[in-house]
């Protein structure tokens, strides 16, 4: 994983730990759900990560997109699958999502270099 | 299909025809893309409809949700798959999506009555 | 309570029951949090309902606004407090929230008739 | 003007009057700005109404779109100008705006019947 | 106040001055309202800052969140009050707000170090 | 053009090239529409860039705002026209757009220094 993705992951985990250290029961429960909904069930893990990625793209959250890109790579999403998922996001969300697509593809290159 | 879904489809098609009759080339091209991105390719049609459904739910568009629910039923999405996709949408999009989940499940009952 | 608010509440509860009957564990947990965060704690119930109302207004969800208006009336929110909370929402969210303010004040009249 | 547009205008004005009767100074000032920004200045009234229409479309507010459509008709916006403005909105805002375009063109027919 | 918050405040004020120097009457009036709605009235200043914070969080604007965090600290918001307000925002706005919560809690530590 | 705007343009073009190199037909068609809708037609290029700018501002996308500011300067938008367009965006979109207005005016100074 590239340095910038390692650093993203480190900072994300450090700040999550800071939030959970507050010991607010509802915030902790929310984080538990946020982990659970992506676990394989009736839908497999790959499909769920693509759902998370497309939702994050149309809502235009770079950190969320970065996280789901990492998870999509771990779940074995192929290049053409990534393209088709992002084409759905672009069509639904419009050109306002393009700056996020630019950054998403730039990171995807780190995760999934072309052969 | 229930009367309300038949009426939804009729009105949607009538108004789409009205838009396309304007003969604006860019709007027509956009509609062409909007059809094409959901066609099976590297990702199958069912996965793409679920992506469209989740995107529509987090962006909170009832007409878009209704359309993708109809298409999900046609693609054979099972009850538990629908639940897991909507659980992702609810978690990403928050309680503000709940009124849309209420209407989505009410329509899903029309499309997919419990055995 | 006016007929339209009684009907709103009846339909909301019927559809919530339909969602919970699906027995999806993550959706059920989310609904539990959604109830818990508005309960009095370090902040009192009235303040929390105003937070919910303003969040719902800037995100422009009529059903959410209606629900929090009912709860604000139950918590004893005064007319001038309602005005000041909605003035914050209008300023943060812009004129795009005005149609929701129109409907909110129309319902507030049902809940809180001027003396 | 068609019956539904007359009714839209009547209800909009009645509810605006209800809001202003609250005598909240900040809400009243906001409404004053909301009138003033569309008045002709360095940009003419027609351009400003198109700006309001496109902003309302990408933010997906039907009441706001309806209001600006009425004003665009009053300012003499031609059919092809309307098409090009809505094509910008559709491209920026994505397919999630299409249900609003459907309703917008349906109302535009009331305001601007084809020759 | 930490260096990064001092720098945030300095830059915010410099750019606000640049906007107001344009002498556009409607923008100036908007800025006047934006100051006025948070002043204590029927609701106290602390409640209003919490409303502004929650609205900013569900709309996902880091600069707005940072500003209201500073003001919340000045108004004497306690740690547990902050947690409960942000739990409302997280529930209403969903996991898409989590990156903003991470940054909010990181700044809150600068403003409100644990005893 | 200032160094930061030259760098913005360079990076934007490099990442657009990376996206288009994917050879996804729907993404390529979307980019074609995104160029076409701003070309002069029934509405002139200046009006269309102002529509794009206001849409980008109410949707709060800094990269999109930066791009349309550059194009507005190229189309000869005058200072007072910029002010009036941004006043519409601020009114429609609310105070949540102010951080974007700060950055927009800061860049406009690079593009359009006061005499």
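Order as written gives the chain letters A, B, C, D, E and F; numbering starts at 1 within each chain.
Following the convention adopted for this analysis, a residue touches a chain if its C-beta (ideal position, glycine included) is under 8 Å from a C-beta of that chain, and two chains touch if they have at least 3 such contacts.
Computed from a predicted structure; not experimentally measured.
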| item | value |
| --- | --- |
| Chains in simultaneous contact with chain C and chain E | A, B, D, F |
| Chains in simultaneous contact with chain A and chain C | B, D, E, F |
| Angular offset of chain E relative to chain F [C-alpha, multiple of 5 degrees] | 120 |
| Between chain E and chain A, distance of the C-alpha-averaged centres to the nearest whole Å | 27 |
| Whole-Å gap separating chain C and chain F, where each centre is the average of the chain's CA atoms | 37 |
| Chain B and chain F: spacing of chain centres that average the CA atoms, whole Å | 31 |
| Interface hub residues of chain F, defined as touching at least two other chains | 26, 30, 33-34, 37, 55-56, 58-59, 64, 80, 83-84, 87, 90-93, 95-96 |
| Chain-level touch network, classified as line, ring, star, complete or other | complete |
| Complex contact set, residues of chain E against chain A | 60, 79-80, 83-84, 86-87, 90-91, 95-96, 98-99, 101-103, 105-106, 109 |
| Complex contacts: residues of chain E adjacent to chain B | 58, 90-97 |
| Residues of chain F that touch chain A when the two form their complex | 12, 15-16, 18-19, 22, 24, 26-27, 30, 34, 55-56, 59, 61-64 |
| Parts of chain F lying in touch with chain B, wherever the complex brings them together | 25-26, 29-30, 32-33, 36-37 |
| In the complex, chain A residues that touch chain B | 33-34, 37-38, 41-43, 47-48, 50-52, 54-56, 58-59, 64, 78, 80-81, 83-85, 87-89, 91-93 |
